[in-house]
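Comments concern the structure below.
Chains here go by letter, A, B, C and D, matching the order in which they are written, and residues are numbered from 1 within each.
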Amino acid sequence: MTTLAIGVIGCGYWGPNLIRNFALNEKVKVKYVCDISRDRMDLITRTYPTIKGIDDYHEVLQDKEIDAVAIATPVGSHFEIGHQALLHGKHVLMEKPMASSSKEADQLVNLAQSKGLVLMVDHVFVYTGAVRKIKELVRAGEIGDLLYYDGVRINLGQFQRDVNVIWDLAPHDFSIMGFVLDRFPKSVHALGSSHVKAGMENTAYVTCRFSGSLMAHFHFNWLSPVKIRRTLIGGTKKMIIYDDLDPVEKVKVYDRGVDLSPDPQEIHKTLISYRTGDVWAPVIDMTEGLKRVCDDFLDSILMKKAPLSDGIAGYRVVRMLEAAQESLISGDFVDIPE
Amino acid sequence: MTTLAIGVIGCGYWGPNLIRNFALNEKVKVKYVCDISRDRMDLITRTYPTIKGIDDYHEVLQDKEIDAVAIATPVGSHFEIGHQALLHGKHVLMEKPMASSSKEADQLVNLAQSKGLVLMVDHVFVYTGAVRKIKELVRAGEIGDLLYYDGVRINLGQFQRDVNVIWDLAPHDFSIMGFVLDRFPKSVHALGSSHVKAGMENTAYVTCRFSGSLMAHFHFNWLSPVKIRRTLIGGTKKMIIYDDLDPVEKVKVYDRGVDLSPDPQEIHKTLISYRTGDVWAPVIDMTEGLKRVCDDFLDSILMKKAPLSDGIAGYRVVRMLEAAQESLISGDFVDIPE
Amino acid sequence: MTTLAIGVIGCGYWGPNLIRNFALNEKVKVKYVCDISRDRMDLITRTYPTIKGIDDYHEVLQDKEIDAVAIATPVGSHFEIGHQALLHGKHVLMEKPMASSSKEADQLVNLAQSKGLVLMVDHVFVYTGAVRKIKELVRAGEIGDLLYYDGVRINLGQFQRDVNVIWDLAPHDFSIMGFVLDRFPKSVHALGSSHVKAGMENTAYVTCRFSGSLMAHFHFNWLSPVKIRRTLIGGTKKMIIYDDLDPVEKVKVYDRGVDLSPDPQEIHKTLISYRTGDVWAPVIDMTEGLKRVCDDFLDSILMKKAPLSDGIAGYRVVRMLEAAQESLISGDFVDIPE
Amino acid sequence: MTTLAIGVIGCGYWGPNLIRNFALNEKVKVKYVCDISRDRMDLITRTYPTIKGIDDYHEVLQDKEIDAVAIATPVGSHFEIGHQALLHGKHVLMEKPMASSSKEADQLVNLAQSKGLVLMVDHVFVYTGAVRKIKELVRAGEIGDLLYYDGVRINLGQFQRDVNVIWDLAPHDFSIMGFVLDRFPKSVHALGSSHVKAGMENTAYVTCRFSGSLMAHFHFNWLSPVKIRRTLIGGTKKMIIYDDLDPVEKVKVYDRGVDLSPDPQEIHKTLISYRTGDVWAPVIDMTEGLKRVCDDFLDSILMKKAPLSDGIAGYRVVRMLEAAQESLISGDFVDIPE
């Protein structure tokens, strides 16, 4: 079996998780970890003495042995590093959001395509057993027609230095929703407040309109005293609650809803009745999502296939973030052309 | 002790609760129950044979022995019945929302005032131990400056025939917020969806802007598979979670938040640090809120005092509902002049 | 339809609930409430002016119009009042436990039988949707062979004046277990502590051995800071958790367990593997159990049938309580002859 | 600073955690990992290429550079390996339970003492922030006099091959209780069932009697569909609930209980009243317990001090396990002489 060589650029919060997963994967050898902080690198190289710590990522890109890089730096540098990496012929796994603007994201997608390289975005939740189970249920029509999608992702900090709470937390929900619904919103609306640092929203509510009556809404907050990560998905047949913090019953399917029937007594009226049936929590594959991310990235390179979470998926998330940001300022719904 | 005589008009969902509480109260005698449904009245008179069931509320108003009426009919009839009752010199306890428009609410307030009658609105949550405890904490400055207020009130049905989900559920939250914060929003914004009956929103998100950076947001939903009634109140010192469905720890106070301090190394920067301290659930008086509502109404009549939840409080709630309704249509924030 | 006449003897904690349910039942008319406390009776007669309050229960028994009595007095008086009632030809609904000794319980059962009267014990949980659902699952073989039964019923007070925590709380669990398993233990063991009043256990652990490897165990406690009412039922196929305090998912069925298979490599060994499948919470009929108790009692009289929770069921519970009490003193397992 | 050299013997379930913690600790260098399974060792040496994997532990003991060993093999081999290690002059960190009999445990304690070596048992919960906080509260008298101690530790598997559920799970609770109460039981009682493998209990209830009215009780179960790790500690002043699975509020202190006062009306009677006050969840230090275990072991060697969880503590746990095992067979309480 070919063994690929990878360099991980950025080892702050998420980089060490990438390294841990790549280190346990037999398809790849982690050759470099790159960071501007010597302390952070030392923590890695102490545990993994075979990984070389360097502070200039260009060195990684110039190494001909390197097949791929994983980029886990702050958002502001994603485009520049990703662009350089693709130009040097490296396959790229990019942290989310993949770029600071949809224009940049688009450029990366085109560059990767023209050079025949894998460009993948680490939408890690899309690779978890819980989200895959929900996708499976929605696709099989178990839920019926979708009515609403309501996500809450709140906790206390970490305040990011360079992006607001939407750019920090929404990529998770936008990527999950895109994957599960396989639909893209027509317009996006956002409201926010900055309590800590002017112009840097720490609390925000984002609403998406789709064609039809489907509406999605999200609550993002860095100032909540408790951690909540819960999504409600309402359908005409059934409803789903996805609670990512429940250690066992992450996905619950409720046979509950409203049934409409013509009123036998008054022709033009409709009778509303409630359906309260069983609750079902399907068993969830608990494999770490990031393990699957790393696998999909390496397999995509080795088998020359497109990853599940490809550059297009990453572009769409950035496009929605951009629209939300625009709405934060204008106060209006911002249309997203198809 | 004077014993008052009361008639309860409307005994659908809430009326029987009013009757049960008045029946146990020694300051009052329930003389009439009035409803257009004979079945509903029979259920009452079977249990309380001394209460007379009638189907025309005018009969109650014309009875000189009657001091007061409690009106628990559908919203659309509140104004008409309340207006008539005040004209007949009866003290009025009104279900929420007190009227279908702020103009009507204003008229009722003025009429009651000019006739020297008690006009009270049954904002029942304002009388619960949990909400009183929160008010006490906020007023004492325990929470610090208020940053955000986030309420979720969702469940499966009951779909109302004559009002949408905002008019049905928001009076609870608007009255609680008004009482706790003692502040009134500058503008209101609402988004909603109608999945069941065109033009009758069953899912809605309402946002209130206040002077300063305080923002309030609410999620109302009749189509949720689970029942949630939870409010987060974030302050600079502490944060509160009010979970009305927790049988014991309804109010939790979190010594958590963000502290800002000047960066000693870089003058123009600010250091952000997290504070994660104890959680405290104060003991809550579990007296039924409605018992206190009935007491306050009767005491206000007997002692010629203003009730805690008076007509003005009721007017304000209607004013906010009206603004939300307007925003649902226009899509814009609707200002509320002071 | 014949309308029966009933007298309710004892209206402390539970009596008012009996009266409320009988008052709403069209098959019966509550003629008397009897208690030695005038205050307690006044609370009743104020709400139900057609019920006559008296302080001597003999008066009830001598009234020829009275068909039946419900006895909700302290345990110590159950036998005497029940005995007198049966002698006077009244059908009897008895609070649990039905008597202070199995000898007394046996006497009541025989007397009722010889006089052709209904003798029923108010094992109210047996009539709830949750327990009926569990019974249905167990009987249908969904759970497989039963391995263990573990019940916890703890809270803060009410300390009873005349019985210990086992006599107070165990009748619930013993009656549920008897109904669900349809098996009776071979021997009973109990350990307890008295922290408040010497000789009056407020904390106790009771263990029951059945034929085969089935073991049941209960934790009863009046001194717990929190209220827990949870039963685990382990079977070879599935497992059940019954949490009476969960407002919605009272019964959960877990497709979890251990599978044994012969080890293909070593003939005499067995391989153990874990099965972690779906969790399923069937919809539960939420009708108040006591409503069904009253119905079953009245139907048993009217249709001359045996109630679900008859005197024999009541006797068995007392027999187990007696054995537990004996074990508390001796420290040994106490056998219960068939 | 002196850097110690350690070998980890046994790397099945727990060994890798020891290695991970020692690897991050600057006071020590992990020189060997020793296991009979080549696969398990490969997993380690792949991540930590500087650690040498060997299959014979004697090699570790004969290496003069080695100061200490950590023994994480199955229980049956603890004594033999520990004994050999001490004879070779190595400091020993032993997994719990430290031996299969109190006689063996006693021998290890004496041997370590006579040779001036550190003998420590990895009672890891004793080193967690939650248990330390409870200890602090109990010691400070916040709880008052102790009334009862009730522990539940149940989940689905892992079935151990060589010990029953008491020997597997009780060491956690016995060590926590010993640390928190600083008292040792007078006698131990145990009941159990073997559903899977004859003679190997997978469900057990253990009761401990102390001097006075304090009683402790534990439920251990490998066949529970859900994981519960909860301890109730009742005192005359306050009560504690320790829920190890709660991610945040692991320790809750309830200002609840029963107050006794003389009855002013009847001299020989006592009035019982309930106290329901606030609930308080103190902030808990979330440092990994095992990190502190490793630190304490290394510090004990370096500073020639006794560790918190020394051989005596380990001996006591084994003594209780032994008594429980004896009771399982005899059915009686087994006394533990002081």
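Descriptive notes on the structure:
One rule holds in what follows: contacts are C-beta pairs under 8 Å (C-beta built on N, C-alpha and C of every residue); 3 or more make two chains touch, one makes a residue touch a chain.
Note that the structure is predicted; figures quoted are calculated from it, not measured.
Of all chains, the one whose Cα centroid sits at the greatest distance from that of chain C is A. Two chain pairs, B-D and A-B, are compared here, and A-B has more C-beta pairs in contact (counted per touch definition above).
Inter-chain centre distance (chain A to chain B, centres taken as mean C-alpha positions): 39 Å. In terms of their C-alpha centroids, the spacing between chain B and chain D amounts to 52 Å.
Each of the following residues of chain C touches two or more other chains: 226, 248, 276.
On the side of chain C, the complex with chain D involves touching residues 147-148, 150, 154, 156-157, 159, 189, 191, 193-197, 203, 205, 207, 213-215, 217, 219, 221, 223-226, 232, 234, 239, 241, 254, 256-258, 260, 270, 272, 274, 276, 331-333. Chain B makes touch with chain D in their complex at residues 248-249, 255, 276-283.
On chain C, the positions that touch chain B within their shared complex are 23-24, 46-50, 226-227, 245, 247-248.
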